[in-house]
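For reference, the structure I am asking about is given below.
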């Protein structure tokens, strides 16, 4: 009889240890995430439960006046619109460039791309946002002023600074997406006599489209959450951004500008946490969007197979 | 569905399956499979893709744990190896498995071979060297790779990599060897070498091999099991299955009508 | 191979150690040793960024005198300073404004100490060619009634308003002393003196206001009603736009905090440091201003 | 126009645009370096900001905080990534819930992480403005990024490697630590270094946690419990990125611009160094273990 089969062994103990270690690590991360979400949620909701601000007004109005406690006039609409506008503009500027660079790295010249282009773009990731803001303030703003008049501060300045900041994010994710297309597909297309451009358009871009979209969504998320750099160049005025050169304020820039001057627990502070909550909800939406895109593309693939 | 099972005696078998059912979620992959796999013989599992033969094979050393639900009894030397109290690691020391894709670890040849021994608690350098030498001889790798065991295993050719993996499996001297299409990714010469290895291993190993290569099955196996749509349809001596199968379906499959 | 696992375990050990240390540190931080003659312990002062340079410098000199004392000075804004000291989270809250003027602060729990005065001046970009304004003109500019510099005797150029962040100490001082209840028009808001300095200096037509210490050559400080923004004019309240810098302690302040506040009012700080860093000494003031803005002679 | 002509034109456009963007990025970085280079000298690197215009203490603080942050976050991120990729079924509710949470956490603005750290670590746990508060807050910021990048590297190792290890009777844990982890190491390593770059440049998280003052340090005192010791984790610590922020927002005097430009140069050079090291290590490692 083979008694040995039922004996315990060090492998079993190792596995118990391993499972304990990894799941406790995961628990730490999840507890932390939940704590932060709960924290932001509970603080952000106080504006409505404790200070009795009408939720609908908060979403649709465009003034930010917390001085008058009797009838505070609070609305995040202008902030949300500005956040969306700057982000959208930044993504519109960056996405084509990032795509071109990614194609260059993956298809045109993997050697130069991998050695020079990619490291150089990734270097942008390590530059602190303060520096982007600083350069925006000292270089970009004067240029915009000379070019378009006015002060130079505003939505366009913020969007351009953001565009540079999210370039590395979108590029490296796009590179990953393009690399995810099996080499054999390319080889196959070439063997059919396709030109490089045809392979890029009809094979690479087509197949990796969902993943490219996800790359853009992550770029959007990063731009949406950026604070310090935007705050330095956008002009910080709570109003609807009617033109590209209107000074405006985003959710994050408002948050950053005002946080130090508010008293914890008062309406002014709670309202800022409501903005944080809005930001959170937005990143949640971006996230779900990315998931949805991936899931749909996966289900389509499995059907066609 | 008609089945015809001419099973060898259970007493002469290392692995005995009794009413094995395997499910992936709600989907059933294997239905009521009963079979005996004779000791120190080679049994080939054949059948079209998706017939469940790989799933069945993987269950024999519990590689399906956490992936599929296995019901029924799988006896190894009389012990039900599906018993939850069975230590799968001890089981896998006795029932080795080789996969379709050559998958050496991204380490040197020496480390690839020494790691399983280290992990099994063998730290005797001289003994390890002896065993490595022995298994490399068994798979005929020794004269091909020379004495430099420190070169990366990934630099070997596909066929060499697979034989290295076979050697790695043999290090622990398994009583049963499971092979999941071990030669399907290899060239004919490498395939022939693996087949030769298997035939000589038969002396002290019970071998079960999943293969799509019918000629390979007929060349090396003693018994053949034909799986069809999750059922074991026919089990008989290999000669019988290939020359004069009992079921019409088997006949059609081995003559290449579908697959 | 073992290296990987041991690195992993070392990492875990470090966390455990950090947590343990943290626990110890938390205790020793809040406890203030009072035994013996030599002063020892730890004080944390948080709040106003405008006051920060002075307190930092004073803290350094204070620590040099009392080697067993640690004074930890941080920014965070007046609001942070006030709310944290009122909650007892820090020993000292630095503020540009009276606690009374900030709703939501538990003023009954804290004691006020005035440590310096800051004068503020309206600043414009030199290309506006404006060097003096009346108080009413200044009000009208910030209220949005005057929108071109030529309306107040300058160049034909649009006025670009740069206000300070709502709720900041500087904004409160400006609103109290200049706007006097009038509403500012919606405009650009900046939360730091550095940013205002840069923006006004580089934007044609820009106007804002800055503490005296931030005035530079590329900015034009504006005289109001014929009074120039100088320290001497602040002392006798001829120049109206000024405010106190406050350091709030808890009602039952610990020994070290009390000693540090005392040090802030010493001749060394008031006589030397305050002037060196561009503030105005509290001792030189000939008038007193209360929380409601009423000024009386000393 | 035939497709060969189109191909010619379009590849030309691709190359051209890439060249322009690369030129732009390079000149952006060169601009930053050139405009601050004059401020950088040995004196700048080796004196304290308290006595001169130097950034010695800020540089040390940045590196020390980075080290602590990675020491705390690496094991946790490694474990969490393993749990997500190698333990939990990727289709399970738990895994997708966890991945969603981590994703959201990674897209939170850093100012929120900083305020969370301030209210929880600095005040509630009474850690004060200190290196340990800063390191933990940076860990909150770093964990999701690191976990995601390690997870990607681990997924890059073929599933069959795990199968082979298990089939040899090696425990799952040892298959992971001795086979899969070494193979994923090049990717993990570059993930660590890239996250290090982001942590190194992070300011908003630290303003409210590690603080904005850099008490002069006594570099002869290596007793971690002495308040003047550089190793003490309960002292406040201003980092390079915070220093740039502070100098730009509240600093007095004409030297502010010079100091900030000089600090930017140092910061970029360090990040550049990280990138080069990462690249070197991951290529040499990949040569050793690449499949």
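Order of writing sets the chain letters: A, B, C and D. Residues in each chain are counted from 1.
Here is the rule we use: a contact is a pair of C-beta atoms (placed from the backbone, for glycine too) under 8 Å apart; a residue touches a chain by one contact, two chains touch by 3 or more.
These figures come from a predicted structure and were not determined experimentally.
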Of C-D and A-B, whichever chain pair has more C-beta contact pairs: C-D
Per Cα centroids, the chain farthest from chain A: B
Distance-to-centre winner among chains (Cα means, whole assembly as reference): D
Inter-centroid spacing, chain D versus chain C (mean Cα positions, whole Å): 32
Intercentroid distance (Cα basis), chain B paired with chain A, Å: 49
Chain A and chain D: spacing of chain centres that average the CA atoms, whole Å: 17
Rounded Å distance, chain B centre to chain C centre (Cα mean): 77
Multi-partner residues of chain C (at least 2 other chains): 8, 12, 49, 75-76, 84, 87, 191, 195, 198
Sequence positions of chain B contacting 2 or more other chains: 89-91, 119
Two or more partner chains touched - positions in chain D: 75-76, 78, 169-171, 174, 177-178, 182, 248
Chain-to-chain touches, reported pairwise for every pair that qualifies: A-B, A-C, A-D, B-D, C-D
Interfacial residue positions of chain B with respect to chain A in the complex: 76-79, 81, 83, 85-87, 89-91, 94, 119, 121
Of all residues in chain A, those that touch chain B in their complex: 1-2, 4-12
Residue numbers on chain D that touch chain A, as the complex places them: 3-4, 6-7, 10-11, 14-15, 17-18, 21-22, 25-26, 28-29, 31-32, 75-80, 82-84, 86-88, 98, 100-105, 107-113, 115-116, 119-120, 140, 143-144, 147, 169-174, 176-177, 194, 197-198, 200-204, 241, 244-245, 248, 260, 264, 267-268, 271-272, 274-276, 279
Contacting residues of chain A [partner chain D, same complex]: 10-12, 14-15, 17-19, 21-26, 28-30, 32-37, 39-40, 97, 100-101, 103-104, 108, 116-117, 119-131, 134-135, 139, 164, 167, 195-198, 200, 218, 221-222, 224-228, 252, 255-256, 259, 264, 276, 279-280, 283-284, 286-287, 290-291
Partner chain D, residues of chain C touching it in the complex: 1, 4-5, 8, 11-12, 14-15, 18, 21-22, 25-26, 29-30, 44, 46, 49-50, 52-53, 56, 60, 70, 72-76, 84, 87, 89, 191-195, 198, 213-214, 216, 277-278
